[in-house]
Amino acid sequence: MKRLTVIVGLVCSGLVVLAALVSLVWTPYNPRRVDPGHKYAPLSWTHLLGTDMQGMDTLSRLLVGAQTTLVVGVLAVAIAAIVGVPLGIFVGMGHRFVGEVVARGMDILFALPALLLAILLAAATGASVGTATIAIGVSTIPIFVRMTRAATLTIMNQDYILAAQVSGTPTPVIAVRHVLPNIAPLLGVQAAASFSMAILAEAGLSYLGLSAPPTTPTWGRMLKDANIFIAPTQAVIPGIAIAVAVLGFNMLGDGLRDYLDPRLKEVR
Amino acid sequence: MRVPHLKGIVAAVAVVALLTGCAAQSPSPASAKTLTVGLTLEPATLDLTTSDAASIPQLLLYNVYETLLKMDSTGAIRPLLATSYDVSSDGLTYTFHLDPRAKFASGAPVDAAAVVSSINRMRDAASATLQSQMSVVQDVQAQSDHTVQVLLSRPSNFWLYSMTSTPGIIVDPAETDMATAPMGSGPYMYDSWVKGDRITLKKNPAYWGTPGRFDQVVFRYIPDPNSMVSAMLSGDLDIMGEMISPDSLPRFADTSKYTVIKGTTNGEVVLGFNHARPVMQNLLVRQAINYAIDRQALLDTVWAGQGQVIGSMVVPTDPYYQDLSGNYPYDPQKAKQLLAEAGVSNLTLSLRVPITPYAPPAATFIASQLADVGITVTVEELDFSSRWLPEVFLGGDYDMTIVDHVEARDIVNFANPDYYWHYDNPQFQALITQADEASAADFITDMEKAAQMLSQDAAADWLFVFPNLVVARAGISGIGANATSLSFDVTTIAARD
Amino acid sequence: MPLLRAAARRLAIFIGTVVVASIVIFLIVQALPGDVAQTTLGMGATADAVAALRERWGLDQPLAVRYGQWLVGMLHGDFGSSYITGASVVSQMAPRLAVTGWLVGFSVPLSLLVAWPLGLVAAMFRRRWPGAVVNALSHIGLAIPVFFVGTVATIIFAVNLGWFPANGYVTLGTSVSRWASHLVLPVASIVVVQACFLARYVRAGFIDVLTEDYYRTARAVGWTRWRGLVRHGTRNMATSLVTVVGVQIASLLVGAILVEQVFVLPGLGTMLIQAVQARDLVVVQDVVMLLVFAVLLLNFVIDMVYMAIDPRLARGGRG
Amino acid sequence: MTLLAIDDLSVDFGRHHRPALDHVSLLVDAGQRLGLVGASGSGKTVLASAVMGLLPDNAHLTGTVRFQGRDLTRLPDAAFSRLRGQDLTMVFQEPMTALDPTMKVGRQASEVRRLHTRCSAAQARAKVDEIFTRVGLDPVSQIADAYPHELSGGQRQRVVIAMAVMNNPSLVICDEPTTALDAMVQATVLALLVEELDRVDAACLFISHDLDVVSSMCDDVAVIHGGRIVETGGVDEVLDRPRHPYTQGLVATARIDAVGPGQRLPVIDDFSSTSDLVQAASEQCDTPAPTRQDR
């Protein structure tokens, strides 16, 4: 079952990546070109997934939308990790007081979830995929800080760290050479989980109009703009795409964790 | 054994039972005495003198506040608080004869003193729109208890017309808080406001004219098109006051359940050009854009073919309407040719639109069609009040934008070079002033000329006339087909059951 | 008494954090571009009118003064007045808070109620098909956006079946039955997603318990698999779940906005969006502060609850 | 009279793993105290878990475990649970973790009573007080009201023992009950255990790696190695004249006092150079392992 989780995760997330890659070189139609005569075309061989209210080909938009999905996920996780991991390690290795201050700072940041940040950010500079990504990324920082800090604390109790400290290895070197490699697998798991959460959050922001403009094909936007009464398939298709992407990266993360977590191996 | 979760389970089961048990009762409007109307935009304030958001007169005009004169559904001026009026031959002095029966919901009479104070209130309003509409008023005086005389500084056809709308409302002199407690003389009075959801009006029991048919009228504000349609389909609403997803109209085709009312409004959906931008000052570019957009296809795609294509800033209910929609037929080749002639290539234009049901899809459509003739369009959606207003409308930071100009006879805005289009055409300005001061017959011909001038100059691209689309459940009657004023007028609406 | 001292220390930290948060929020909100005076006056604003309105609303005073007024006001329970309507923010916020409160208040316990047995089954049968089914379901439920769930629920239960109203809200005071019927679909939509989320934590918590020696002891003294797990697992699992539930409540306070939008509920989230659009900064500031305060308070309460649930932590406190 | 009869019991955790128990047969008579000796990983704990029915659910089990004549391996969980804690109980190695950290120990102990005996909370509590006093937990009321983390290791193990003997079981399985305790406490806890076992007249399967402890506690001993019982017999006989090479090694390494100064300390491998050899040797010995049944 562990293996099944990883396989499903790989297949689903692989599909998203594949769609994004394919869309870079080929889409059946121009995803931004309206076709007034073919509004709400049903699923057919000419339009495999039909067309939307503007007569744009849904499959083409779905493929291109995968790009945005991935970019949002990658950048949001990158923001969170680039800020969160060094901060977490620093706090984990450092003084208690510093740790307390950072922890309270993270409490405040944690109290400003992606939605709130996105609303404020959109108010300041206008809504775009960029503001949505930043909001999601920043709101994910506390998760990375906390996880990194906890993992670092565990590592810091290990004898080889003590040995390194006794032998006078500078702290930054210990951080890079000993701590980082040891928490890397955990970071991978967290990244996968945060990735899927970022995709879901972006869809939510799109739904509230806090992300992509109407001309940019994104899945959340397609779902928001679909007329569920007249062309329900046009709402269901991006809905499924979002679910597949989230499911894929979630299961990937879960599968990875099960492999890494020894506690789950010997269960009485 | 003590099971610690038992209590929790029992409580939760009780809650579930409560919820489902309650839900078994009918969720539809409680009684026939309540009319529930779904609208889109909730006002931020009810104070007409500080904000000129159309959502305020939509709710209050005619229903709560009455005007001296009223615009009926055919566009004709009818008496309301004033039974009649006289105009002096020089067109400078208007004398209004008030209906002696008229009184406010508070019981106070609508007398000359009240009218004078109200008109002065409008003249002093913070809203610049009101100020400019009332700028021709030189003096207001009570002649007798029921006679009011208004002196204008110059003759103005537009002024009398505006008196049927917001500038003409008569506010109870006892009014102290227009923002949250409007007081007028209409058949309904303000009752309560659940912010973010609904505003409730209740019947004015002492109304001086034909009383309202409902004990209360609930206006529910539902910005999302799908949610609005859901509410109508599930029976939560009696009337869907604005059909903002016309694609869904087929769902209301069953005439035994629903009545679909189609009419017209004063709203022109305008693809506005920023004439302050050098590239937009080029007539050939403006004309090329007009040729490049297939307006009928746009209307069919974006608004399900409801509405009507026009060729200028004039709607079919205006007395000076003429069909100019054929001036720029869809011709991408011609558009390319004009662009080449103008010597522009690789043109990139910003299209910054407010978040409304029509503008973003129209923008998507336009971006695609302009891409076909080689113009790159970057579309941006802006929240109307917090971003579109300051940045586009006031800040002038845009190349093109799309807005439904809902005010009646707002062609005059093209005569104002400070208006956000920055269209500065002295000939046109002179023509408008001439029309405003002209006799009734000359007014029409002057206005026809003005409309033609705008079209030839491609001052904008008039996409279509915004239709009045209302869906009511069967049994509701009295809804005007055309929305000639900003009001969603419920005073004439009745329910059969 | 160490427990009391630990609590006092946490209280002090909590208060300090709240003050810092208020400064951060004040600065963020003040940094928002746009002007409430201009926004209110709309298309017809003149420079003079805007300036006059700004002066009337005290917007021309220096930042520090306005922050001080705001903070002192809040301590007295006065959250200021809306620029636009002049109504006190507290009076506007209270009904909104009630809506969001009902949403969160119903959906969190109900989610737990659904998640607990699901997680229990998934843990006990983790190697067999019931565990796999629960696991798969929770994965799928978690992957579907809540607004999509809400939309589909509306179509099925309001439009097609007509069991519940499609959207909107009726206050408890107006009619209890209509209030309840308006809450069913929104709460159910949240529960579907939240239960899936929580079920995974419940499952993980119970699996942890299954590996614990005290569970073996419980079995050895005669508890059956299930009853032993319920009896000795729930409380231990709860310690790890408290944080998760806290995070859930926190994210729901704001996250409910999606459901509020789908079901047109006049909750805090909708209020915030409207206030931001109108640039009614006093309201924005207060709503954001309220939400942040709620989350910080929740954190604080969780710490306290931890000390209560797990007596071992009374001494050390949570990491 | 045979109380517990393990016959041809094999346990493995998945096809790809070496069996944890390999065709084990063992008898415990009523009142008998049988020591089970082996190194870590030899299968001692698996055997105990198999008897208690507490193997993880990925374990695959063949053979029979008869207790009072009933085959425990086919007993449904509910029926088995009525047996556990009543007739068949267990004392665990780690007193630190064997008790629910979130529940007061008095309540945990009284649960054991109420699970198997129809009685009121007060009656159960009285019983707990009685047993706690007996096992030397003093002051009783204070300890019963304490959480496990508030007690010392020795106190906790006394609680566990109290829970094990609460219902006068006929068999108590002790899995290294004193290993985690320091030497001083070990002796008193062992003495207490013997006393309690005698009082309730229970048989005992005493698992340990410590030959001294086993020889002081038990009448008989079985040696387990690599999942197999390699030797069984009376304690003195097996320890004085070990027959199986592994047992010889075990005995020699335990008797370091016999090693002269300057001599290298013996290790198990001196007696069976590789584990393969041990396997081979044990297979040469007749299977099942040599058994000397004195009674």
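Labels for the chains are A, B, C and D, by order of writing; each one numbers its residues from 1.
We take it that a contact is a pair of C-beta atoms (placed from the backbone, for glycine too) under 8 Å apart; a residue touches a chain by one contact, two chains touch by 3 or more.
Since we're looking at a predicted model, the values are computed, not measured.
Pairwise, the chains sharing the most contacting C-beta pairs are B-C. A summary of chain positions shows that the Cα centroid lying nearest the centre of all protein Cα atoms is that of chain C. In this assembly, the chain whose C-alpha centre lies farthest from subunit D is B. Work out the mean CA point of subunit A and of subunit C, and you get 22 Å between them. One simple way to say how far apart two chains are is to compare their mean CA positions; for subunit A and subunit B this gives 42 Å.
Centre-to-centre, using mean CA coordinates, subunit B is 38 Å away from subunit C.
Averaged C-alpha coordinates put the centre of subunit A at 51 Å from the centre of subunit D. Counting only residues that touch two or more partner chains, subunit D has 54, 57-58. Looking at subunit B, one finds that residues 1, 226, 233, 383, 386-387 touch two or more other chains. Contacts with at least two other chains are made by residues 33-34, 127, 151, 155, 216, 231, 235, 261, 276, 279 of subunit C.
The touching residues of subunit D, when paired with subunit C in their complex, are 52, 54, 57-58, 77-78, 81-86, 89-90, 92, 94, 97-103, 111-112, 115-116, 147, 149-150, 160, 163-164. If you check the complex, the residues on subunit B that touch subunit A are 225-226, 229, 233, 245, 247-248, 250-251, 294, 297-298, 300-302, 355, 360-361, 363-365, 367-369, 371-372, 379-383, 386-387.
Remark: subunit C residues 33-35, 38-46, 49, 52-53, 84-87, 92, 95-96, 106, 109-110, 113, 116, 151, 154-155, 158-159, 162-169, 171, 175-178, 180-184, 187, 230-231, 234-235, 261-267, 270-271, 274, 276-280 touch subunit B in the complex.
Across the complex, subunit C meets subunit D through its residues 127, 212-214, 216-225, 231-232, 235-236, 239, 309-312. Every residue of subunit A that touches subunit B in the complex is listed here, in rising order: 32-34, 36-37, 39-40, 53-55, 123, 126-127, 209, 213-215, 225, 227-230.
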